[in-house]
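What follows is a group of structures, each given as structure tokens.
You will see two complexes here that share chain A, one where it goes with chain B and one where it goes with chain C.
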Partner chain A sequence: MAHFDPNARPFSHKWLNERLAIDTLKRVLSTEYWIPKNINFLWAMGMVLAATFGMLLISGIFLLMYYVPTTKEAFDSVNYTIMSQVGYGWLWRHIHGVAASVVFLIIYIHMFTGIYYGSYKRGREMIWISGMLLFVTFSAEAFSGYMLPWGQMSYWAGMVITNLFSLGSLHLNGLVEWIRGDYVPGQAFLSRFFMLHVLLMPLIIIGLIVLHFGTLRIPHVNNKDGEEFDFEAEAEKWKAGHRKESKVIPFNPVFLSKDVFVLGIYFMFFFYLVFYHFEFAMDPVNFDPANGLKTPPHIYPEWYFLWSYEILRPFSKNVGLIWFGFAQVIFFLLPFLDRSPNVAPANRRGIFKIWFWLLLIDMVGLTIMGKLPPVDPWSKFGTVFAYTFIALWFALPFITKMEKPVGGK
Partner chain B sequence: MKELKVLAVVVFFTLVTYWGVEPFAHSVMHKHVEGHNFAYSDINASNVKGDPAKGKAAISACTACHGIKSQGIKAPMDPVTAANTYGVNPPDLSNAGAIYDEKFLIAFMQDPAHAAIAKKMAMPPIMAGNAQGAADIAAYLKSIAPKELTPKEAFVTACGRCHANRYGKWTQIGDVPKTKGNIKTGNDVALEQFKINVAKYQDKLADYMGKLPPDLSIISRARSKEYLETFVENPQSHLKGTAMPRVGITKEGFEKVYAYLESTGDPSKPKREKTGPWVLGFFLIFTFLAYGWYKSQWKGLK
Partner chain C sequence: MSNRRDFMGMALGAFTGLGALGALYAAKRTWDPLPSVKAAGFATIDLSNVPENTLHVEKWRGKPILIIKVAKNSKPNTAPNGNDKNAYDDKRLITVGGHKFMIVVGLCTHLGCIPDYFPDKHKFICPCHGGQFNAAGEVLKAPPPSPLVIPPFKIDGTKVVLGEEGPEYKKLKESGLVS
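Moving on to the complex of A and B:
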């Protein structure tokens, strides 16, 4: 039994400390949570993501108060009630729509930062894997949310994506109907995607964010040079007042001060989009109400799914599905496909440097081709990009196996 | 400085992706239709000069079907009966002279289907006699038209008998009336009756047009202004074979109609433009202060 001072004033510092160990919590989670000093603004993307998730959560709560999840009223509850009848409803909606798109931009920057600096390697595998789980759950969250305004693109994207679960020539139409709750997207479909979007997915995401933070604790955050050092010893230096010599800084307030500055710049960009350039996040096609009798001339996913969509398209049905599945899981395997022991930025890693930039350019190429109609020359380019994507991943174990050790660090 | 270079790389790839999936993709997906500024150059300008007085004398040829409210001439039928008879309600002509191109009106009165580039028109050709008669009536309509129409009047005159605008409370047979329900039962019989009339009208209209013309509440978000402008100028240029007639409005008429569509499609625009600078200003100050904090915390660390 712990000792409780009977004279401690309720809710005083001492009283709380005896019951909640607030001093220890503060030390462990913030003032003595050590971050390397050798970092740049890309290390703030985690905080930017957390803040964007916060914007999504808050704006989502406000939208939830007026959104009506029925096929008859969903469209007008969003486009009429929220946009014109509710005070600042338009602001919450635009914040939600823009944040849903921008969060993926930041996720991709965060991912490619990790790949560039080798932050998935040797001890940091779980950071990478939990991050990839977040990517997948954010994708499910984005897709389910896209169904809710019940416009033409909601309906037809819902139709196309759920059709994928028939798994080509396996013709699992029963599975597709089970997922939809109907033969075609309808009320049952909308209700369950509404549930997924506002309850189940956010719960899983919040759990995974906690896990993702947890995975950072033991291997610590990587730094610009992939340098490995003794965090305990460096922390002692800091605490002894050798702030210049120490290679670490405390999360609060030193690392946080830079994060908050980056957040300020980010929010200027974010709110510029919200007020002056929100159209990119709200496809015009989705401002036509859902109509099962009228297929839009072009059906395409939101921009952040286009690269994997383009890996599906160039091939025949079954082959396309296999490569599509490949694209969904292959990033999870990155820590194991990279066979080099080097933890270093890509520009010091020989062929891996070329691999990194090719992958980035290839995925931008896939993204652009994924939106264009599947006619020549675009589908030809798309095919080349898709094959390049696959080839890059097959080549990865070989080129990293041959990689020479990076000296010095 | 190194950080700015990193930022430049991030911005570069972001912009390339944005360019590819937005402006470039949309330019590939949507064919470009050249606008002609509502010149209707396929219609020859009539060289006869219309006389409003003669037009007024001949107007009974029109008022057999059309009302002219501003001149105290009522429509001979209510909208539902008219739709039962013609398929669509013939428009009231009070504002016609203010919104339609005069040359188009003259050609239309002589051969409606031809001028409207439509397969069929309930209005029979040569109602106005010859070119002189048509010019006289056009001159008369112009003489009685108000100088300035409100955006809603322009919409109602040009689009409102085929297209509803539920966010603007407009139906094809008129504004949704303000009715009072029965407080004991919650029933609103007058409103239900109005809805039945709208439904009856829409059924006839759908038969006449082939489908029910879409509600235009947020068409300004679903289509670009450029699309709407060239589509209204000549519907066939975008949708070959569409039943939508060329309505023959002037450039100014279109701008009025568009102003109405934008007011129902994007009603938050004025509030957005008012709030935006405040929010951005807040984050500018926020960033400035945060920079000071960052510099003070990192002083002497490197």
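Moving on to the complex of A and C:
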């Protein structure tokens, strides 16, 4: 039976502690959550992502107050009401647009950091998988949000992406019409994607962020050398005052103060974009209202989807769809396709080092080709990059199987 | 005791499962196109004033309908897949009032972009992924896997009614030419 001191002052520390165990919560969640010392600024990307998600949420709340989700009014509610009538409406829109784009840049940095340091195996598989689920839900959130201004690119991206669900020669047109609620994207489509964007997807994302944090708890964060050590023993050293000898630091306040420093630098870059270069996140084509009878001359997704979109293009419809599906799921399987027990930075892992840099260069190549019109020589380069992407993933189990053990430091 | 608990557990599970299935079905039905959307599915188009070898665009069920009065010589200038026959002889054309017309849904069969027509080249080129079609809607260059789709139609003098299956459409359908 819990003990409640009848003399405790309401809302005093003691009073709250008896009711909510705030001391225990603080200890477990922050002051005694241990992070390795041997890390660099790339370990701050998780907090950078959390903060960017916060920016999206806050700016989204303000946009939601004036946005009208109808095919007749959506375009004007964004481009006229929010942009020129609502006081500081432009600020929320530019924060929302820039953050939606930059969040993917940070996600990719966060992902490739994990791949480079092998932070997806030896107990960290669930961190990787929950992170990939976040990547997928962020993609769905970005896509559904892109529909809302109801411009030309919104409409035609909606048309092209929903058509993918006919699954090529299976001709599942019924499924496509079911997703749209109409023969073409229209009011039903806009309303349901509005619902997904402002309610269902954010709920799922918040749940997955909690899961992602949870998956870190037992295996702990990786370090620059992939070194495995006893966190409990190192934590005892810290608590005993041997802070120099200990290999760990507490999340709060030590790690968080490093995070806040990186966040400071990041937000300078972020607000520079918001105030001076927001146009990179605002496609000019989407400043024409949606028109179902006129395709824009060249349809392309936002930059962060280009690499997987480019994998569709070189192939015939069915084959393209198969490889597109492959590209969407293959990253989930990384912890199981990497057959090497080594948890070490890629530069100590022999052929894997080459694999890592090839994958990175290949995905940048796919991204650039995806933006260019589908004519030679670009489509030829795109084909080569697409085949290379597929070949790299098929090669991964073999090159990691052959890998020699590397000792951690 | 444990048997009784098992039974209660299974009964609860079964009823909850039934309820979940029902809710899923309701959710599925909620996302179906509304009856008003389904019902507004007809369009009548008069073809008597359509000029030759010029793209004429109409709208049916929210989709663009591409119409070309095909000229006698409509051979595409190039055909990367070798299909360079004269579109005028194509069996997919629809004869209305003594003239041959291509009437298709104007969405590329690859991913649904609207192909652009180039009258001097006698071909369509899709802006999204570079697919090409001749003036009868047949594929000249991948990625589109199949010709442009012919919508259900009924001929009425010099007019066509889209959304209704006339005898000419049924004939095309039997020969497998509509999609």
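Criterion: the second predicted complex is superposed on the first by the 407 of 409 C-alpha atoms of A that agree within 3 Å, B and C clash if a C-alpha of one lies under 4 Å from a C-alpha of the other, contacts with A are read in each partner's own complex, and residues count from 1 in each chain.
By our rule, a residue touches a chain if its C-beta (ideal position, glycine included) is under 8 Å from a C-beta of that chain, and two chains touch if they have at least 3 such contacts.
All values reported here derive from a predicted model rather than from experimental measurement.
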Check: Touching A:Val184, do we find chain B (first), chain C (second), both, or neither?
Finding: second
Next item on the list: Give one of first, second, both or neither to describe whether A:Ser379 is in contact with chain B, with chain C, with both, or with none.
Entry: second
Check: For A:His298, is the partner it touches chain B (first), chain C (second), both, or none of the two (neither)?
Finding: both
Next item on the list: For A:Ile109, select first, second, both or neither according to whether it touches chain B, chain C, the two together, or no partner.
Entry: first
Next item on the list: Based on the superposed arrangement, let me know which partner A:Phe4 touches: chain B (first), chain C (second), both, or neither?
Entry: neither
Notebook entry, point to check: In this superposed model, does chain C or chain B come into contact with more residues of chain A?
Noted result: B
Note to self: Going by the contact rule set out at the top, does A:Val160 touch chain B (first), chain C (second), both, or neither?
What the structure shows: second
Note to self: Looking at A:Phe275, would you say it contacts chain B, chain C, both, or neither? Reply first, second, both or neither.
What the structure shows: first
Check: Of the two partner chains, chain B (first) and chain C (second), which one does A:Lys317 touch, if any: first, second, both, or neither?
Finding: second
Notebook entry, point to check: Which holds for A:Arg192: it touches chain B only (first), chain C only (second), both, or neither?
Noted result: second
Notebook entry, point to check: In the superposed arrangement, what residues of chain A touch both chain B and chain C?
Noted result: 297-298, 373
Next item on the list: Over in the complex, which chain A residues touch chain B? Could you list them?
Entry: 37, 40-42, 76, 79-80, 83-84, 90-91, 94, 105, 109, 243-244, 249, 253-254, 257-258, 260-261, 263-265, 267-268, 271-272, 274-276, 280, 282, 284-285, 287-288, 297-298, 303, 306, 360, 364, 367-368, 371-373, 378
Next item on the list: Write out the stretch or stretches of chain C touching chain A in their complex.
Entry: 28, 31-34, 37, 57, 59, 61-64, 107, 109-114, 116, 127-130, 142-145
Note to self: Using the touch definition from the top, list the residues of chain B that touch chain A in their complex.
What the structure shows: 2-3, 6-7, 10, 13-14, 16-18, 20-22, 24-25, 28-29, 166-167, 214, 217-219, 221-224, 265, 267-268, 271-273, 275-276, 279-280, 283-284, 286-288, 290-291, 293-294, 296-298, 300-302
Check: In the complex of these two chains, what residues of chain A are touching chain C?
Finding: 156, 159-160, 163-164, 168-169, 177-184, 186, 188, 192, 292-299, 312-313, 315-318, 320, 373-375, 379
